[in-house]
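Listed below are the structures to be examined.
Two complexes are shown next, each including subunit A; its partner changes from subunit B in the first to subunit C in the second.
Here is the complex of A and B:
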């Protein structure tokens, strides 16, 4: 009581205090529930920065974002698919395909034609998936899991199982997408940022974006409101394959040579980034901004673990432990309790 | 009765959510051996109160007392342990398991090595079932039982603990009349055993038949307790909605316009056959019949969700073929579907976005959705339909049933349709909002809309329709006008009784 008078001032203030603290607690809870991942991200960055100052050095930060760009670009597209209530597990395998195809065509028809040709072929695959999931209403998990394998087969057939290399690595302008920089900012970052802005606007501000949320939130109600559900899902897979083609372009341009399996396993990391950002696997929620945060968290986790000196092999495990923890805390913040209320 | 120790007492229960005071100091008590009705419109706070009693929500303020012992419940299991038991509207049974297993789920009697002690289990179950006088045994598979009997299993489960208070949430929603009698007998038995019962229902007839007292909530506040024997429907309703309810049919007559929709010989094989009718501008055409008579399916055909196998549809004199909802909407047909939450709304989206969804393609400034135009539409229909929501940003899932339905209606009115089809306009909606929606339908007709109302509630079709189509088993049996219809011949028509007699005459 004496403490209250010390700090509280007038009686009225003291009387209101209980309610005030309740209110601010509620507010903090609200912010945590809505922006839990963002808060976690900031705390995490501060923690690692205290452990190792190298972590927030500008060149390190830029390096992390640059190396996250490929994953990030793919995650932008998958965000559309996930919000529409579907999954895309084929993106890793599709990225390998794009990379191999553009590298091979580079030497055969030149980069100016190779790039649009690769985009066309990748979009064609995206259209097939979009048709199967959107118009034929097949389960997206099964379709994209099958496509993961099928596209891998396509890639191997195309390359004959060989690694693909550009003959003249010094003399091509093709390297600009992966290795160039403008005003000191690496081009992959610019592509990632530019695409994030454009796709972010499409999702948040256009009628199409609205319909993506509606279809994912309640596909039946969307249909009953005149939304052409199949077309929306189809377009989401096209968007996803467009992003994959862009990622493949950056990957190919950066290394100018590639194995058939360069994107292997990335589908799960991409999905992790999207979920980490807070999109629901059930569809109907998520944003491009949140996905970008998810991508950055994933990138900085890996980088941070490296900087504090953890062995490379341990990283897989630790990364996933952190992802699961983050998702748990996010859900806990939304529920307002750590454990599910249903015993 | 007032001398007895209350089985359950609530004192000043407060529960707030961001922006909403869902419960604002609710206090009442339930005596042992009393059936206590809890009434209130949707959104009045009944569900929140039930979740507080069930240990799902923690109250911000206030005290719950069970038999004079203050209790705090942090989970449904704790609530059950304190003697508060729920019989839910939606059954939560494992349909593949036996009756006995369901009743003792989670607490099966054991022998050594964790084996189930079937003999004890069945003996105990038999004891409880005999108390309920039911016609099934411990070994029957729950999935094979009727809904009413499944409910008995839930009640039996409640009896395994020393229940102080049993809460029935809309228990008769899916019961037949005969099954209701059995349920009421069981409630009477519980009463004799000195259990306090909270009974939640919208159905006045049941309230008067079985309850002793009635407590009413409105806008999260406790509005009073009435003695059932000393009150009447009017008084309760007034307490619930805060005003008198106008149940009379508005007889404002208005001239009918041209035929807006004409349907000839429409057939969808296996669902309905040879259906012909027309609706004029300014007219409400009611469709009445039992569930499965084909009414909803006709609506779905008109809205492009089913392909007809025969027949024609004329809209404003012009023959049309409708292949999708988008087609129907473009031609001026709108459907307020029967399943509001499943078909009518994207619950996770906000009010405005739900309302403008069908026309979002047209509400653009450049490539983007025009926020201002959308909000203008939302504001217009919020005011016109008196939709009560803190703002357009509110998630539709947080609104009460009546307000949700108004969002759906607003969605379609903002499209300015020629023909508005409303399937079960007031299903699951409280009595106050119900009459508002009825008045709204009449007003829409007066404004020149052609309206089709499909309903399973006779008072509803009688109240809103100018003409009534009676359907039975996929066929139109007879069409009545508001002047010639009587309850008797309507019932006969939808049960297929009058068919032969009518055609003969």
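Here is the complex of A and C:
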């Protein structure tokens, strides 16, 4: 009890001192609100590192990032879609499709042709979604919900319901995307990082990126400013499906065989990572960098809980608490009060 | 006829027209394609169809109310699984050992209470934090699923109580118990939404929250009550289903939220809130089940069902928008 009072006193004093040196409490609050997720991430890492030395060992850190890469790559694309003010619930189902297709084509036409063919087919599906949501202006939640089901059906039809396996698992160079490494860094991490840098630059530094924010922030205003909303949304879904195809490539290459349901449920995990990064579902806010942080937080939570000896499913419940706290504190900082004004 | 009346009629009746179309199509196609010599519109087949609609249908009633209210609940599948575990596991608890078959109502009550509590947690968070229901229940979908796993690890939870099984397999007045549950829930939900102040307020809040607040409606408690309602119904759905099957896997109920939302949207309820009908949702539920059964009847593979349902959902959305486009533009201007 006395400890709590002490902390409270220290904090009040700290704020007073802060104000004197020109840094007001509001400013600190603002910085915390804006970079809160980063602060939480650092605190979390330090906490787990103190609890278990192995947590920050280089091979463990690389391992976590590598296993987060597939989710991460998908989250990069979904960030575009979410910033543009839409949702994509079809990415998990689409990832299963890409994985199955590339594995099947691998044995039929060889990996060099299978990869572009798979990218083409996945982009085609992305274009269909982009057309429905962008040009026909249908509700993205329902369209992608429908596509989740439809693509799953497509995948099952393609594979005949069977698991897909590469015949000659030893002798193919195809495994390089999921299992290879360059200078000690696993290829999935390189792909994830490379894609994050490219997409991050596109979003932050190009006119197209600014249009994505404009469309999501205020679609009507953007339209009146001459931004072609439909085309921007269409491109966002293309970007998303490109990322999904890349994720499918990594997944297929890592396991060289797959079930039809390999991506099932990932759409919601991906969305959780994007939201955790601070993107608003209303659109207009979020960055690639923050999404990467969101992905890493989820990955390190999973890993940290396993290392302290908890079962894998504990992370589900921990993720729940973290997501709600993160979003709550974010909007609380924006409206300036903790509790909602809802009567 | 005033403009909009025709489209209104089309919209309200569309789902039932679609069901009739499905029945005709599968009956005719079944004559040529089906391997079994039983007709599709066989009475037993139809009764079974209603029974199989029940688990999704009962939850869909709650989802309709929550969506009319302007929210959404993605955690129903996990709630369903947790309630099922409580139902089956509590029957084996030592403290209830002396009750004999009296344990059945106790276990049911505990399961239903679980659903209400989980729903209340969602509702309370939505109310007090102001975080969007989509995010709150997306988190809860993971969180509650975690609780399901924590309860019994990755093992299935099983307990067969034969009295309960007999109860669940009974067919009073020709209909299965599950069908009765679905019909009673539908009627009650319809009464709540059309005949009570709470129902009227739910529509008002979903239609225009600002206006509802200005009219003096307390938005928070209404939303929380609706979340408790859908939690209760998810648990009721589990009680109906697992009384008969007696065994629950920790993954059970996954993707239920998606099936339920599909049924509700097929029934014409708007995601944006303020419009929708419980009766049309019943139509949506039956239409989906009919499609599953019908495609199976004419020998299509199960994978086709997913494809067709997805495409129909998008087509319905498109048609609905085409029918509404005039009215909406008039409102915007």
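Here is the rule we use: the second predicted complex is superposed on the first by the 313 of 343 C-alpha atoms of A that agree within 3 Å, B and C clash if a C-alpha of one lies under 4 Å from a C-alpha of the other, contacts with A are read in each partner's own complex, and residues count from 1 in each chain.
Simple rule for what comes next: a residue touches a chain if its C-beta (ideal position, glycine included) is under 8 Å from a C-beta of that chain, and two chains touch if they have at least 3 such contacts.
All values reported here derive from a predicted model rather than from experimental measurement.
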### Query
Once the shared chain is lined up, is A:211 touching subunit B (first), subunit C (second), both, or neither of them?
first
### Query
First (subunit B), second (subunit C), both or neither: which does A:195 touch?
neither
### Query
Does the superposition put A:270 against subunit B (first), subunit C (second), both, or neither?
neither
### Query
Who contacts more of subunit A, subunit B or subunit C?
C
### Task
For A:222, decide between first (touching subunit B), second (touching subunit C), both and neither.
first
### Task
Could you say whether A:284 touches subunit B, subunit C, both of them, or neither, answering first, second, both or neither?
first
### Task
May I ask you to decide whether A:316 touches subunit B, subunit C, both, or neither, giving the answer as first, second, both or neither?
second
### Message
So in the superposed three-chain picture, is A:138 touching just subunit B, just subunit C, both, or none of them (first/second/both/neither)?
### Response
second
### Query
Which subunit A residues are contacted by subunit C in one complex and by subunit B in the other?
341-343
### Query
Any idea which subunit A residues touch subunit B in the complex?
26, 30, 201, 205-207, 210-211, 213-214, 217-218, 220-228, 284-285, 341-343
### Query
For subunit A, which residues are in contact with subunit C within the complex?
132, 136-139, 141-143, 145-157, 161, 264-265, 268, 271-272, 275, 281, 311, 313-321, 323-324, 327-328, 331-332, 335, 339-343
### Of subunit B, residues touching subunit A in the complex
18, 56, 75-77, 303, 305, 324-326, 328-330, 335, 337, 342-349, 353, 357-358, 360-361, 363-364, 367-369, 411
### Query
Okay, in this complex, where on subunit C does subunit A touch?
74, 125, 127-132, 134-136, 138-147, 149-150, 153, 213, 218-220, 223, 254-255, 258, 261-262, 265, 271, 301-314, 317-318, 321
